[in-house]
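Scroll down for the structure; my scribbles are underneath it.
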């Protein structure tokens, strides 16, 4: 598995500076790299840590020239490093397994070519699986689910009735797609569940994280646009409509009937009130609570969230609050003194008048 | 599947205003409605959107009289619209399947009449299932679990030992009921797990969302009262006692040993400190962090949460903070000037005194 | 099952004050205790509730002397009460079941002695299970997973490829270990998934809560140190390195590449920005949003989180904000008045000067 630096440079089509005969036996990140290994540094700021490390070589971008170490310059550092790391630690290849006899498949299901279905996975009535799908152990596709080609459903994910998933999308372990929306009418003191006639429609090239939940719509669908990536433990409420190429970080919670444009980004744990509209390329910062619509391109931050440029002065002032409070008390005393002085001065200056009048 | 407006009015026992012969071929929400379809508008505020839409007819409540469109007036808009939408898109009927031979059922379990158990579901030792229960694929009922009649357990939900669930309750996909409470004693530097002798007891007509977790009690039970509805990804800590008809929105987190009254409502992502008591009809707003008890009927908001009427002036002031800070600085300068003037005035007015004395 | 108080005192090696012949038929917490039962009170503050309760006896620590009730004094109240409660309600004993024929086990797997594997559990290629492991129903160990001795995997938990778990660790229902890290490069408008070459490495005596998710590292591992306890619904991002004996409460979210020392504590719903370092014995308060490193032994609180001693004056001032705002307005008016007086006084005092000059 050893490679010389020249061989590595060739593999990644990079430009080598240093001894091409040097033998490298591993590729490891800066934090853990050992002598004889190659590492990566994607930013000049890492120069100091790099110098302090025992790395024998480093992959760098064109705008970083490290000193005292052999380096290979490439346009895409992470792409190159992935190739090298993959050489030294080839990831497990997953042989196609076909359809396990221990999977539970309803005879009415339509299964495409080259599909893997693992043991104890469950494929319900009228389900349709596109070519090249992989359904891992314990995943459950309830009746009427339709998957496009090359979809991967990881173990124990659950797709409720009639869920639709587009081509090449990936749904991670334990995700729940299409559970009932959380809407109730309270009739004579009891909460009665609203209609659950909608379903979830997921576009192409979507990724949905582990244990994330997306609820079905009331009458129409809850939709996730093409290319949108959703992290773990995210909640998407009923009737939401997410645009294309959104990025939703972990633990985001969106209440019902929200709409997002394309390329929206939400930081971890952000909370979104129901029925809001979030514009194209808008950002909601991590842990913010959004209570208003967000225009295109805006970044909203805080609780309640507001435009970034409005928030920072407030945050800055908040840190000064105890100081402001002291200042205010001091000022108040001083003004009282001044007022007292002024009124006694007025009184004393009035006296001569009176004495004059006398 | 087409119906005339007269037929639709008859179906929902509503009062039609407009052409009863008009043919309708679908029922769709305002956002997506097309010509030839009926929609719903539950609030006069939607009048403008309704006028702009291509809808051919609309379901409205008695206090809303739309213009330029046929309408059917009903007392319960959503109930009526559900009936109509169900006519046009009949939901999948779930035929009773009985007990799958691919389910794993301990011979000591007691199974009621008309029970469905799907493939790869697991029913442990001494489990008791009431009549009409549905246990979906991969759901796991560990030893001693007792379900009342007509309970539904969705795929891959897990009920730990001795969990009790009342009549007609529904537990969604991936929920975990009865995992160990998170309490440790630190002995010689190692965290030792506390007692886990309690269980979880869930009342009648409860609904528990997908991937929600409810931990077992330390010595006694963690309890969820009748009619309480819990959304997805909620955490209920060990020893909590929830009252009846509570509504807990998604991602709420309750630490251990909290108690709630009846009809409590918690907004999404609210966090509740351990050992708190929340009164009847109390509300905790979304994303709030509750650190104190809440009296009956109160609404608590913010971090740390306080009574609503206390919070809003604070929020309003916070937005004014940068302005307040500037004002304070300006005022401070002004007071210093006044003080300087006053002392120089005193000095100059003192001089005459001295000259008089002279 | 009845015991006399003397027998109970003997069982827990405690010192009895009161009638040793008294018969006790149950052990219940203060909230629910009935006559004829023993309860526990671990703090003098519970004296009033204890007096008001129908309990027949109580377990107390040495520094609490209750009145009007028989009591047993012990050094460790909870340990003693657990023993008594266990006597009255013996927990279900879990007979070893061995390897179920309904489990799905790849022939290449290596299974230790005394291992239980329940029905529909899935054990993949090259998996290694240490002696005494328990794999519950529906749990899925993907290819290359390695478990040390006496590990327990609860139902429907999923361990992705090559996950490593140390001795005696416990992973609760629905947890997802090793799903893909949430990192993307955006290339020509599409988000492309980064490398997923790392895995998750979990130490000895770790506990991971229900539906918690821990993502695999990019090139190297995501690691959880020995003795660390993680509650339900927690998110640990890719490349994180947690130290030993950490305590992470429910719904904590850690973004990628964070590092913690030993004995770190994070309260429920705390959110941690990516790439932060948290020192030994540091604490992050519940619902805080951490955006900076935390030194050893420090407690950080708030959003954005800061050292506790800095935050409390700010919180205190925030509550005074509306009052401060009123004060500021009043002060401003007063200063304006004083300034007006001063300038008119100057004007009038200037007049005599002029008249003198005249």
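When the chains are written out, they are named A, B and C in that same order, and each has its own residue count from 1.
The criterion applied here is as follows: a residue touches a chain if its C-beta (ideal position, glycine included) is under 8 Å from a C-beta of that chain, and two chains touch if they have at least 3 such contacts.
The structure presented is a predicted model; accordingly, all values stated were derived computationally and were not measured.
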**Prompt:** Quick one: do these chains touch in a line, a ring, a star, all-to-all (complete), or other?
**Reply:** complete
**Request:** Count the residue numbers both subunit A and subunit C use at their shared interface, divide by all numbers used there, and answer same if that is over half, different if under half.
**Result:** different
**Request:** With chain centres taken as the means of their Cα atoms, state the distance from subunit A to subunit C in Å.
**Result:** 23
**Fill in**
Residues of subunit B that touch at least two other chains are 120, 138, 156, 174, 211, 233, 251, 269, 303, 318, 321, 324, 328, 331, 335, 338, 342, 345, 349
**Prompt:** Contact residues on subunit C for subunit B in the complex?
**Reply:** 27-29, 31-32, 78-79, 81-82, 85-86, 89, 91-92, 94, 100, 102, 118-120, 136-138, 154-156, 170, 172-174, 205, 207, 209-211, 227, 229, 231-233, 245, 247, 249-251, 268-269, 286-287, 303, 315, 318-319, 321-322, 324-325, 328, 331-332, 335, 338-339, 342, 345-346, 349
**Message:** Quick check on the complex: what are the subunit A residues that touch subunit B?
**Reply:** 104, 120, 122, 138, 140, 142-144, 156, 158, 160-162, 174, 176, 179-180, 182, 184-185, 189-191, 193-197, 211, 213, 215, 218-220, 233, 235, 237, 239, 251, 253, 255, 269, 271, 273, 289, 303-304, 306, 310, 313-314, 316-318, 320-321, 324, 327-328, 331, 334-335, 338, 341-342, 345, 348-349
